[in-house]
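In what comes next, chain A is part of two complexes: it sits with chain B in the first one and with chain C in the second one.
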Partner chain A sequence: MRVEYINPFVEAAYNVLTEVLNTEVKRGNLFLKAATKSVMGVAAIVGLAGEVEGRVLFDMSKQTAIKIASVMNMEELTELDELAKATISELANMITAQAVTKLHELGFKFDLTPPALITGENMEVSDQEVEALIVPMETPHGSIEINVAVRERS
Partner chain B sequence: MKTKVDFPSINEREPDGRREDGTSYRVLVVDDSMFVTKQIGQILTSEGFEVVGTAADGEAGVEKYKELYPNVDLVTMDITMPRMDGVTALEKIIEFDKQARVVMISALGKQDLVKQSLLLGAKNYIVKPLDRMKVLERIVSSLH
Partner chain C sequence: MSTFNAEQLFRGQKENDKLKKIDFKLISFTLAGRDYGINILKVKEIRKAGNFTMVPNTPPYVKGVDNLRGDIIPVIDLRIMFNLPAETKDASNLENIIILRLDSLVLGIIVDTIEKVVGIASEAIQPPHPIFGDINIKYIQGVVENDSRLYIILDVDRIFGVAEEAEVHPAPLAASESVETIETDEEKAELVPTPNGSLDLQFISENLATFNQFHVSPLNIQWTKNRLGAWKDLRKSKNLDFQFTQKEDGEEFLLPFFSPLTGGLWTEEQLVDLAKVLKLEGNNLVIWNPGCGQGYESYSLALMMETQFKASTYKVWANDLDLLSISMAPSLILDEDELDLSWKRFTVQTKNGLQFHSDIKNKIMFEFHDIKHMNPFTQIHLVVMRDVLSFQRSNDQEKILGEITEKVKTGGYLVVGANEVVEHEEWKFIGHEPWSIYQKI
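Up next, the complex of A and B:
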């Protein structure tokens, strides 16, 4: 997978997280996963289809999701309820929209699916025939991994 | 002790959401995200606006507008929604009430749809993430 696909997502995640959390966000080191990877507990997934196809996963622990949703709602949430889920979906929406705008400017044409939120323990994600690039974003509320597996349509 | 006379307080500024006679501007919020609906509601009510209705898709938004009319001053309209998108809902609301004031709420990268909405009669637009000042400024300017 070409690294240029992931950079807009990392940049967008950095911009959006810094703005909505109003805090410092650090970008961790990029790593590659060829096969199966475990999911941390809450994952927002957005599909891409067009000249470029694949999926982007925003992966975080349940605790991190609740804390981030609390900050974004300016109220203490104690569980991953409907509001918290809607908040994390919206976060994924905002990051993806910004990244995709950048990718469109670079000439890649594709559509997006609305984000789906997957929650649970002991989950894994497997990508057939395309490896995933992962960049962890460190926030004071925990880490969010931006996990991108896309390829050009053959 | 200082009195109010010594300190003309900025807190005495009229909230943006009230008319000169003290009544609130009435807003209908149409958005499929519970988070965004709540966020817009919080920003608006903190400035004296009254959220008179919410709807989670375009179709319900149009119905709600007709139900509330003429007791509604402004609509915030998400663009991407299930059942009926915000641009179609805007078109239907303008068809019903030419004077309707609709402000579009958009994710980044929907310039074409925003442009189309403005041509169809939307008064303004706001790009997410929503920021308090940006929301109030765009909504207030759409009311005057």
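Up next, the complex of A and C:
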């Protein structure tokens, strides 16, 4: 993945998460993945287009998703209902949008698609032709992995 | 149909263009009953011809030469080239010829029948599947369906390559299969490859792999053996055992391995020297530079292209797994005092210091990428990968080298570390101090 794209995603994730969760968030070590990867239980996907083609995936466990949705809505949610799902989709949208704005300032024109939320057990994600960059973020509610897989549009 | 029906062809085209986005046109023809296509941009003209002048000592698929309005062009029988059944017409019958123009090469190919121009959307082209072709999958650009007919699009650039073509016969698909078997033997592969290597060599190889991630293989075994001799003497003189006890021992052992000219820009003199050996020409040259580190090598290669190969357009794809180094590469700050005067004109002052001008920066794509993962290139002209392969596991070394061999154009180049040796029938060593350059044959 082009190095110029990395920081906007890392910074956007950090900024948005610390702001909406109102707490300290820690970033783990970045790494690259090219094979099938397990998804923790809840995956929010935002497509990317424009100068690049690919997607960003926000990966977390169901518990983490419920807790984060609770904090963001300022009410105690007990299950991953429609409100919680909409909240997580919105979180994915906010982070991606901020990253895309930063990229725009750097001169890279990215477009994004509306987010899709996928939930289930024993899910896996694989990208046949694109390498994925994983940015692990640790929050008090659990970990969120930001999985960015983009390639230059040739 | 063996004649062009211009009216039908024209009408058909107009209808198609209205329906969907046509951005790729191909000339369709048949070979042994199957439909094939070639990008119309590569086709110069179509004609019927016969009575070719036979040229002795050419491969069987070279039917001879033909006089195309004064130009003498080779005529190749694609059916013979691909080992397909071909009906030879007798001397008086004319064959169907498609004249191709590839870069500077013009040649004619004999086909069974020539059909029509087919317009398609390039996104409809699917990658080739082994069962679709009777011919080597390497030569297939893709397959596309149109009007309930399936066309196999031939990659004529690949088929006809550069002047001296080696015999075309189906290459074994074994390349990918052999990687599988090597991976299961991973444990064994780590140990010394040579059966008559001494026990000491085996120990040192294990040490190097464990402490320094340096993997001994045919790539570097000659250097390792030589170094071992000197190393043993050195350690003996200090009353130490030759085996490593810590990482620093390995670092000391490996000190003379590393190639010269790293960690800094190359001088104009060095680039002129290098350019004498690399016969790069044409446009859209792809230069792959894995293990670029801080970027000095990548910038040097761009400077070489700008000053020694001014006529060619190019792009340098620089990769590294060291995130810290490579993320600084696009905004590399140059030391004004140390900068070679010849490069001054490519730099600009920025608020952070002296950097390369965006004209140069735009030619280099720095990517955080693991070369063990899939290789995104389709065709490469020059690979500069110094002191990188030796730090990969043996089976990864083979896999990466295999991919490079596949993707580098014939006549393309591979530059490895000064003490690395590529032993492969498709690579010819062409010198040249201080670089270790190989050319694909």
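FYI, the second predicted complex is superposed on the first by the 153 of 154 C-alpha atoms of A that agree within 3 Å, B and C clash if a C-alpha of one lies under 4 Å from a C-alpha of the other, contacts with A are read in each partner's own complex, and residues count from 1 in each chain.
The rule is short, and it goes like this: a contact is a pair of C-beta atoms (placed from the backbone, for glycine too) under 8 Å apart; a residue touches a chain by one contact, two chains touch by 3 or more.
Since we're looking at a predicted model, the values are computed, not measured.
Colleague: With both complexes overlaid on chain A, does A:117 touch chain B (first), chain C (second), both or neither?
Modeller: neither
Colleague: Please work out whether A:89 is in contact with chain B alone, chain C alone, both, or neither, and reply first, second, both or neither.
Modeller: Once the two structures are laid over each other on A, A:89 reaches chain B alone.
Colleague: By the touch definition at the top of the document, which applies to A:32: first (chain B), second (chain C), both, or neither?
Modeller: The answer is second: A:32 touches chain C but not chain B.
Colleague: Under the stated touch criterion, which partner chain does A:152 make contact with: chain B (first), chain C (second), both, or neither?
Modeller: A:152 sits against chain C, while chain B stays out of touch.
Colleague: Please work out whether A:52 is in contact with chain B alone, chain C alone, both, or neither, and reply first, second, both or neither.
Modeller: The answer is neither, since A:52 touches no partner chain.
Colleague: Between chain B (first) and chain C (second), which does A:129 come into contact with in this model arrangement: first, second, both, or neither?
Modeller: In the superposition, A:129 contacts chain C only.
Colleague: Comparing chain B against chain C, which has contacts with more of the residues in chain A?
Modeller: After superposing on chain A, more of chain A is contacted by B.
Colleague: Considering only the touch criterion stated at the top, classify A:6 as touching first (chain B), second (chain C), both, or neither.
Modeller: In the superposition, A:6 contacts chain C only.
Colleague: Touching chain B in one complex and chain C in the other: list those residues of chain A.
Modeller: Touching chain B and chain C on chain A: no residues.
Colleague: Which residues of chain C touch chain A in their complex?
Modeller: For this pair, the touching residues of chain C are 321, 323, 326-327, 329-330, 365-370, 372-374, 376.
Colleague: Spell out the part of chain B that touches chain A in their complex, as residue ranges.
Modeller: Spelled out, the residues of chain B in touch with chain A are 33-36, 38-39, 42, 80, 107-110, 128-129, 131.
Colleague: Can you list the residues on chain A that touch chain B in the complex?
Modeller: Residues of chain A touching chain B: 16, 19-20, 69, 72-74, 82-83, 86-87, 89-90, 93-94, 97-98, 100-101, 104, 114.
Colleague: Where on chain A does chain C make contact in their complex?
Modeller: Residues 1-4, 6-7, 30, 32, 34, 129, 131, 133, 151-152 of chain A touch chain C in their complex.
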